[in-house]
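First chain written, first letter: the chains are A, B and C, and each begins at residue 1.
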Amino acid sequence: MPETEFATTLVALDLVGIFVFAVTGALVAVRKNLDIFAAFVLGGVTGLGGGFIRDVLIGATPPAALTDWRYLLVPVAAGLLTFVFHPAVGRLERVITLFDAVGLSLFCVTGTLKALDYGLDPVPAALMGMVTAIGGGMMRDVLAGNVPVIFEGNLYATPAIAGAAVAVLLDRTDLPVFAVATAGFCTCLVWRLLALVRGWSAPLPRGPANV
Amino acid sequence: MPETEFATTLVALDLVGIFVFAVTGALVAVRKNLDIFAAFVLGGVTGLGGGFIRDVLIGATPPAALTDWRYLLVPVAAGLLTFVFHPAVGRLERVITLFDAVGLSLFCVTGTLKALDYGLDPVPAALMGMVTAIGGGMMRDVLAGNVPVIFEGNLYATPAIAGAAVAVLLDRTDLPVFAVATAGFCTCLVWRLLALVRGWSAPLPRGPANV
Amino acid sequence: MPETEFATTLVALDLVGIFVFAVTGALVAVRKNLDIFAAFVLGGVTGLGGGFIRDVLIGATPPAALTDWRYLLVPVAAGLLTFVFHPAVGRLERVITLFDAVGLSLFCVTGTLKALDYGLDPVPAALMGMVTAIGGGMMRDVLAGNVPVIFEGNLYATPAIAGAAVAVLLDRTDLPVFAVATAGFCTCLVWRLLALVRGWSAPLPRGPANV
């Protein structure tokens, strides 16, 4: 695949990821009986928040989403659609979960590659990939008054770390960026889907917590 | 009005906006029975937080409030006054709501103009204006353990978006900045006051939310 | 003490501070029965969050912790140890509180000196010192769904402000940085320990809060 076509594919996938993340944000707003504006804000925060945190930390300001209006249009569209058609959207739970896994897998890789591009070392770059992937969802949950769902043993962040790690490791080889990104993406996606299908979960603390 | 006089007016209005926002933050601290330090922090976060988020996102660091001590003194004064005289301050609810609308109207315009000044396109600039106006209040509510009040149908953010939109549109004309700012300010203020007086509210989701 | 030895001491103390803060973050995760990943995230946020906020605000991006892998390893180690040995760690409450006071005292001084180094004026620099010291703990509490403990009258932030103030004042003298840092550190530490031992607390609002 030529370089420009790959870049177009990346932007398209990026917009898909933002859309699906924004739908999950707007659904949280609807389920808490918040207003349409909350659907926009929680949608926007979930879709764009992780990338914003990454860009601010690595000094890539203003973030890409503030220089390209398409990135802002997508969460607005997602928020509006979810607000209006929420009973139908809610029934698509399984489809949303699948696309959410795609967004997670994509963001952990693109976040890592961008951080490497800005000169970060491998370990911090992988961390930035994870932050890109999970940061928006954490902000969504905190703004909605929930404890972040990724803290509750559902093995959501671990695949993102794995995908980011694969990306930083392969980035040191001679492989083309397309292959590096694909390998990281598939690692995260397969792990996440297996965790969902098999019901894997992260370890919870053992024994009583002496408060 | 000459340019320098206009700049002085803007700074004065800015400090008024920060003061009133800080009072609302300190009132939240008092009403949750938190200590005097919480009154300072919630006051400072409410008054300055929106501008901090905007400045960090557009790369205008350090934010203005960290280079001009008056911006830091104002929330401290507001926090102290509110903490000591809170029964009296609480009775001024209507006055505070009025000034809060003034602060909202001011911040949505100054935030937009600053973002345009830093080279952002119209749509992201208007978004930054809205973030300036509502970001501090959202941080206040999250830190105090509340769901942001702007999510609960009270038509608070919509006027800010409208004021920011008017400012970006008129900024493309030949009108002097004074006229642009005034038009945006009045749009937001009139809309917000009408919403308060008439009890307008933002749409809530219809039908059952299937959780 | 020669300059290089002092720098090494500072980094070592910095890592100790991050470790102890990270332990408090991981303990919150365990006590809320969250998973091991939450222990890592809350540990990392508590240990590194205050410095991240400071660095983003003063424009020192990427933050030091993203350019030195030791800063990232420490919270992971603290999170893992706390997660596995939490009953034992929980019994060390008094030791943790002591080291937490050391971390607080250290961060308020190093945060202030870094902000001065980036050209901030004395008052904003002291504010950044306080933010460095208390920001991580506030993010920990918000992410875990708690109201920040520093808001509840336990005199935690005041010593940090005092230590930062001493540091900015002495920085204007001819004293070597080692003496400046030590004086600020001791001011904060002694005040915090006295507050703990004597049960001092910050003023709470008087009279009924008319909601």
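In the analysis below, contacts are C-beta pairs under 8 Å (C-beta built on N, C-alpha and C of every residue); 3 or more make two chains touch, one makes a residue touch a chain.
For reference, the UniProt names are A, B, C = Trimeric intracellular cation channel family protein.
Everything quoted here is computed from the prediction, not taken from an experiment.
Participant: Copies chain B and chain C touch; is their interface built from the same residue numbers (over half shared) or different ones?
Facilitator: different
Participant: What rotation angle takes the CA atoms of chain A onto those of chain B? Round to the nearest 5 degrees.
Facilitator: Between chain A and chain B the superposing rotation measures out at 120 degrees.
Participant: Taking the mean of the CA coordinates per chain, how far is chain B from chain C in Å?
Facilitator: The mean C-alpha positions of chain B and chain C differ by 29 Å.
Participant: Mind pulling the residue numbers of chain A that touch at least two other chains?
Facilitator: Residue numbers touching two or more other chains: 56, 142, 145.
Participant: Using the touch rule from the top, collect the residues of chain A that touch chain C in their complex.
Facilitator: Chain A residues touching chain C: 56-59, 118, 120-121, 123-124, 127-128, 138, 142, 145-148, 150-153, 157-158, 201-205, 207-211.
Participant: Spell out the part of chain A that touches chain B in their complex, as residue ranges.
Facilitator: Listed in rising order, the residues of chain A that touch chain B are 29-39, 41, 52, 56, 61-63, 65-67, 69, 72, 83, 86-87, 90-91, 142-145.
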